[in-house]
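Accompanying notes for the structure given below.
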Amino acid sequence: MSEGARVWLVPDGYIPKESSGSQESHEAICVLNTSGEEARLRISVYFEDREPVKDIGVVVPPERTRHIRTESLDEAEIPRGVPYALRVESSVPVVVQCSRMDTTQAALSLMTAMAYPVER
Amino acid sequence: MSEGARVWLVPDGYIPKESSGSQESHEAICVLNTSGEEARLRISVYFEDREPVKDIGVVVPPERTRHIRTESLDEAEIPRGVPYALRVESSVPVVVQCSRMDTTQAALSLMTAMAYPVER
Amino acid sequence: MSEGARVWLVPDGYIPKESSGSQESHEAICVLNTSGEEARLRISVYFEDREPVKDIGVVVPPERTRHIRTESLDEAEIPRGVPYALRVESSVPVVVQCSRMDTTQAALSLMTAMAYPVER
Amino acid sequence: MSEGARVWLVPDGYIPKESSGSQESHEAICVLNTSGEEARLRISVYFEDREPVKDIGVVVPPERTRHIRTESLDEAEIPRGVPYALRVESSVPVVVQCSRMDTTQAALSLMTAMAYPVER
């Protein structure tokens, strides 16, 4: 069984600067691996005004999901309040969805989008 | 007429722990069956740290929609505040969209995404 | 130039019962027709527990967009607070996106999804 | 490497009239160019009741993202409070996502959708 695609792109990345209430503003890449094999991800982060940080390694076990906060991608050191974008490449087909929680102003707001699958 | 796909994946599932105001935080899988036949769904729920719960049965009659709250999938016992993911397989092509209402902080927030169609 | 698809499906339709503040809760089908020809739409509305209302006619002129509130589809008489779904068929390829504004609780919330294109 | 598509469509464009709090209501087209070549974009804006404004030029450098506020597309002079739609054509394949922040009522709301890729 091979479900999904091996390369995914997310143009709208942004971790809001501020938070309010009990929830912190954040962004997460959610990955689903329905296969019987480990998915070895290589995540690259693109910016508006500097070189991308490429091939950060993350593993998703077989038949598992992982919701990865982008602030936890230490090597990329994504600053808050700065536009960025993501490319996720996987050793096996997976599905990738990217969601943001914004609590800049009182009361939270959510947005989400399935990432764009590059067929190959 | 055969509209949609038979397998759909949703990586970002999450039922918020808390609610406020008149609306309860929840998540729903919305299915549209435009065919003249009953769609027999088998829904599987994936987690970060345990085995998936597979093949929960749900029926969508011909030419009907059903908006299924994920908390109503009794066999899965999806806990609140825990990341999960969904796989929906159907006996006939359908379309699947997944939406979340989050009322953790005063005032509600919504997000939605068309699920990812696995072509076959 | 032929951009988009001729049939689009939206499983998650719902017009919230209540509103607050200056903005009324509503849902809209947004259509873009980049072609040089008039797009003659036939919109069908599906429910959970009754027969669909089919083939409501709407026109989008050449090189125009139209944002159609679903409550304006008089023939369907979509009740507030009831799950529904949409099928949009067009005489020429178009693109369809469906968005909801929910102002049930103070402060509004938005969600949107590109409809699902049925290739044909 | 050729990732994405050369033509993208967004039916639901709308810049809210009002704002509240620290964040201004706005809409942005987010573009990711993973290629080694400059992406020369031509952006066209469609309306409900007048001719489109076509081929506004924007450049995205190689291996960069750009988040472009639609209010910055001077030639289009998109009014606030008016439905519009977008067509983005690029000299090399890119990925396009469109997001809105609405702060009409206290507390902000977000929505986003991957644009629709016209395969060619």
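Order of writing sets the labels: A, B, C and D. Residues in every chain begin at 1.
Note that a contact is a pair of C-beta atoms (placed from the backbone, for glycine too) under 8 Å apart; a residue touches a chain by one contact, two chains touch by 3 or more.
In this text, all values refer to a predicted model and were calculated from it rather than measured experimentally.
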item	value
Homomeric contact chain B-chain C: same or different residue positions, threshold half	different
Chain whose mean Cα position lies farthest from chain C	A
Centre-to-centre distance between chain D and chain B (centres being mean Cα positions), rounded to whole Å	29
Chain A-chain B separation of Cα centroids, rounded to whole Å	21
Residue list for chain C, restricted to those that touch at least two other chains	106-107, 109-114
Residue numbers on chain C that touch chain D, as the complex places them	3-4, 21-23, 28, 30-32, 34, 63-67, 95-97, 99, 103, 106-114, 117
Residue ranges of chain D in contact with chain C within the complex	7, 9-14, 46-49, 51-52, 83-85, 87, 100, 102, 104-107, 109-116, 118
